[in-house]
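Next up: the structures, one after another.
Two complexes come next, and they have one chain in common, chain A, joined by chain B in the first and chain C in the second.
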Partner chain A sequence: MSTETLMRVSNLKKYFPIRKGVLRRVAGHVKAVDDVSFQIRQGETLGMVGESGCGKSTTGRSIIRLIEPTAGSVKYRTAGQEEEITHFNKTQMKAFRQRVQMVFQDPFSSLDPRMSVRDTVSEPLFVHRMGSQKERTEQVKELLQTVGLSVTHLNRFPHQFSGGQRQRIGIARALALRPELIICDEAVSALDVSVQAQILNLLQDLQSEFGLTYMFIAHDLSVIDYISDRIVVMYLGKIVEVATKQQLYDNPSHPYTEALLGAIPIGEKRVGEGKRLLLGGTVPSPANPPPGCTFHTRCPYAADICRQKEPVLESVANSGDHQAACHFTTELELKSFYDFSQVDRSGA
Partner chain B sequence: MEPTNVQLRSDHGFEDEATETVLSQRTVRFRRFRRNRLAVAAVIVLAVLYLVMVAFPEFFSNHFYQTHHADYVYAPPQIPRFVDEEGTFHLRPFVYPITSELDMETFNWVYTTDTSQRNHIYFFTRGYSYDLLGLFPTDIHFFGLEDPEQPLFLFGTDRLGRDVFSRILFGGRVSLTVGLVGVFLTIIIGSFMGTMSGYFSGPIDNAVQRLAEVLMSFPSIPLWAALGAALPSGWTPLQNFFAISVILSLRNWTGLARELRGKVLSFRESEYTLAAKCVGASHLHIIVRHMIPNSMSHIIVISTLSIPFMILAETSLSFLGLGIQPPSTSWGVLLQAAQQVNVVLEQPWLLLPGIFVVIAVLSFNFLGDGIRDALDPYSS
Partner chain C sequence: MTEPNRLVEVNDLEVVFDTVEGRTHAVNGVSFSMDAGETVGIVGESGCGKSVMSLAMLQLVPRPHGKIARGSIIYYQRGKAVEITKLNPTGKAMRALRGNEMAMIFQEPMTSLNPVYTIGEQIMEVLRLHQKMDNTRAKQRAIEMLEKVGVPDAAQRVEEYPHQFSGGMRQRAMIAMALSCTPNLLVADEPTTALDVTIEAQILELLAELQRDINMAVLFISHDLKVIGEIADRVIVMYAGWVVEEAMREDIFQNPQHPYTRSLLAAIPRIGRRERLVSIPGRVPSLSQLPPGCFFAPRCPAATDQCRREEPQVFTVNQGHTVKCWNYWDKEVQKTS
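For the complex of A and B:
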């Protein structure tokens, strides 16, 4: 894995206006993504994790302008040159779409029920006027085999497939344009656990075969753990921690990450230090985020400074790869995943 | 791209299907349509109706539909027979001639059948002159009597002694063509406006919906009356009716447009639309390939339901003097003549055009159902 940056996201913001009254005046904003900066490196799998409504999906969609970001910059490296995506015109954008593709969450609504597999998978080729109809069909056949489907499925319709098969169709569609980066937006969260593993394995195989880069959005840390090289943790529209997988699991530097690690199901009875850390309260409204650190309302370690001053995302210790946004990164002794995994093995 | 080992991990159960032949979508749809017997029957019936009534009504009618037979007012249908009064079988069908007499008490025409004489029906006989398809002058008709002056009224005659059978054929020419122009236009405008409104939302949506509301709030009958007055007087009744049905469709699209807007609003938010945007598809592509195909079953149902409406609406238009006016005719005009109670008792054959309306309407409905089911990927 190289450390070359493929995509550099800086100070990305996406505010959705809240309109009220007959005149539909803007009464406020939902700050779905609020000042987020991160990088995606060539060939890596960047996991993005956080609970529902924290802005993961909005981030994923904003960086490829499926949703227009409110502010910020997204730079994408093309032939050694970084280009600003947010300034692209229509033609440039269409060309850019060939480089970055997306796999969607819901295998049921992400495929048009009126379109056969052939039409769905060849749609990207059709849109970009690639090849004749016959050539496109040949490509679709290859793609179907690549994702583990059969050529006989060509003329079937989405409802004739299982969730896992549908997700494979979605992956074939994303691969059709031979992209460099694939954003998987909760790509496995709607699937059975056993099928999740199949799809994750498929994604990994495809990554090594085509040299893909993934940005993998999920709310399930165990899925993220399985596939990611680096992990971004989001809370209420902001990034609270960025780390390699190893660093995050061994040495979490943000109380929210600690809580997430403590919530991973381990299937056995926890004892002693392994007791789960339960967060109280609920996520505050992104329309009216609390002042200071947005996590202070639920943080067990919150102090006065947390209610007043917003922490910035800073490097932890000497590691450039590991960043956290907490005032007490250095002071706190947070439990690692292994601390949480202390289980009772005495009685069975 | 070579198939990779990932295939081994596929979701089980493909290998046994490997021998299945891959049929193109069009073939599958065509087969599915052909399996629907009612729909196939409807296609055949409609083909016959259009051939006989729209293409060659002159050829298939033995009397010109405007000819008055003063001696045969309200003549009952003459039924072709093979067996005569003595019980002798004749290979060639025949009718008995009828003679009329005025009952001086009730002032009704009373018909007596003369069974002593047989008028045999011949095929490809000579009758009144006409232009076949408006091009070739000829006087050959599909059937008729040896003497074209002799009466042969298969479906009887009306109050002016005009042959009802011929009038049904010529009426069908109007009802099955001009009447459907309105339906067609309604569907086109409604689909377009509804899809635009739902897909683009915002100002376009607002404009379309407010326009629809304004149009819907117009009272229809005064509107028709006003339009009837506004049309140039030099036009033929057929031109008039054509204009009216075009104008009608300019108002009637609103219902369909509202329904489609709701549907498209939900399709637009689905992930497959997002996926299409993600591959760089244009709005036109998304509308043509995703929005419209998904709305298609609804559009088909609405069109098949509006065809009978249009055929029958023509009747009420004619009543207001806006529809087809004599001497032209249509099924609506013919049925207007049957809108009296005594018709049911004394001239029930005047109700026959109604049967043709029912046949045509049912055929269109079955055809619509067949197409909808054939397009529906969920049907097996």
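For the complex of A and C:
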């Protein structure tokens, strides 16, 4: 994995208008993504975690302009040059779409039920006018083999497949244009563990075979740990921590990350210091986020300054790789995942 | 001879659905028991019969297609055995049991909350019906219950409708409703699957706490072994309508014997571990077209000809630990005999 930046996201915002009344006047905004900046490096898997509604999917969609960002810059490196994709015209966008693909959560609704596997997987090839029909069918067969499906399934329809197989079809379709970057939005969240393991292994194999870069969105911290090199933690439309996998689980630097680590089920009875950390309350509405640090309503360490001043995302202990947005990052001694997973093996 | 502490016994239970595609064997000869105050976890992949099993516990198998075809469920009501599989599912006796002795919570709270009544009205309804409380008492108790499950401003929120509650809050409201009659048995079908980890942790803690308070037994269904491991005393692993392994929690995690249990454990990503995940090839068979012999044989790395021919017997590993697998017999039992 290189440290070269493939995508550079700066000050990205996506606000959804809230409309009220018969005139549908804009009464406010849902700040789904509120000023986030991060980079995706060539060849890495960047994990993104956070509770539902914190803006993960909106971030994923905005950076490839499946939805238009409200503000901010997204630069993508092509042939050594960084290009601003938010300024791309139609033709440029079409070329960009060949390089970046998305795989979605729900293998049931993300595929068109009336399209056969052949049509589903070859559609992107058709849209980008790649090859003759015969060549396209050959490519589809190859893609199906790559993702572990049988070519005899070519003329079947989505309802004839299991959840895991449908997810493979979605991945085959995403691979059709030989992309560089794939954004996986909860791609394994709806699957049983056994099938989830198949898809995670497949994604890793494809990465080493084709040198792919992934942005992997998930809410399951065990899955994120397994697949990611670096991890971005989001809370209420903002990034609260960015770290390598090792740093995040061994040395979390934001109280929200600590709370997430403390809530992971570990499958064993905990003892003493290993007790689960319980966070009170729920995520506030992104239409009306709390002032100051948006986490202060649930943070066990909140002080006066937290209610007034918004913390900025800054490097932790002079490490450019590890950033957190908390006024007390240097003072707090947060627990690691290993502190939380001390278990009782005595059999009692 | 029954144990003095025994609360429920399920004996050789079979639940089937008759549809146009033929007969689905959702639960296929399941036996297990539960003691008062105990938490038993049921784990297995999607479509293994977990939800149907939990519905059967309260005689809630959807009719007319579904029915209990064989076997029995015995519930010990203050020591007296009641064969609930003999009761009319919609009759008075069964309804009384459901209100006073057993309760159920579902994965999707909206299936048991009615959108047109306030949360308070719905809890009060249960209390009026089963505990014969008057309105004032019932309302007071409803507020108490909501407070107990951690709904903030309960006195106000008791007047709100389900859609005004967040997912986690609805789950709490449903738990409050289910527990308002202090049941002896709670059947919880994936109660946290739809929730975020921080909320899941809150709900698991809440269940454990309430359970200590009222000495309630919980049958906790989940597809997530790690969640089961947080809460269960004993674990039942289901595959294609069978119980394939049953053991105390520690034994399931430290000493699993069934190839399916082992595969499930190896498929879970665990923090800090880097080895490649082990995936189980194929998928759960259609419960209307079950293979002969062992239902797991088409996916099992240890399958032999015998497995493909004969249904495996249940073998005892040690006290309280059983496994339905020929391989265990080959390895352990045959060796010593």
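Note that the second predicted complex is superposed on the first by the 347 of 348 C-alpha atoms of A that agree within 3 Å, B and C clash if a C-alpha of one lies under 4 Å from a C-alpha of the other, contacts with A are read in each partner's own complex, and residues count from 1 in each chain.
By definition in this document, a contact is a pair of C-beta atoms (placed from the backbone, for glycine too) under 8 Å apart; a residue touches a chain by one contact, two chains touch by 3 or more.
Bear in mind that the values here come from a model prediction, so they are computed numbers and not experimental data.
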Task: Touching partner for A:155 - first (chain B), second (chain C), both, neither - done: first
Open item on the list: Under the stated touch criterion, name the partner, chain B or chain C, that contacts more residues in chain A.
Closed with: B
TODO: Kindly classify A:101 by the partners it touches after superposition: chain B alone (first), chain C alone (second), both, or neither?
DONE: first
Task: Touched partner set for A:200, first chain B, second chain C, both or neither - done: second
Open item on the list: Just checking: does A:164 make contact with chain B only, chain C only, both, or neither of them? Give me first, second, both or neither.
Closed with: both
Open item on the list: I'd like to check the shared interface: which positions of chain A are touched by both chain B and chain C across the two complexes?
Closed with: 162, 164, 195, 198, 201
Open item on the list: Which residues of chain C touch chain A once you look at their complex with the stated criterion?
Closed with: 45-46, 152, 166, 168-169, 196-202, 204-205, 223-230, 249-250, 253, 263-264, 267-273, 276-280, 283
Task: chain A partner contacts - residues on chain B that touch it in the complex - done: 1, 3-11, 14, 17-18, 20, 22-25, 28, 270-272, 274-282, 285, 289-290, 293-294, 296, 375, 377-378
- [ ] Mind listing the chain A positions that touch chain B in their complex?
- [x] 61, 64, 66, 93-94, 97-98, 101-102, 104-106, 109-116, 118-119, 123-124, 127-128, 142-143, 145-155, 157-159, 162, 164-165, 168, 170, 173, 176-177, 195, 198, 201-202, 205-206, 209
Open item on the list: Which residues of chain A touch chain C once you look at their complex with the stated criterion?
Closed with: 51-52, 162-164, 192-198, 200-201, 204, 219-223, 225-226, 249, 259-260, 262-269, 276-283, 337-338, 341, 347
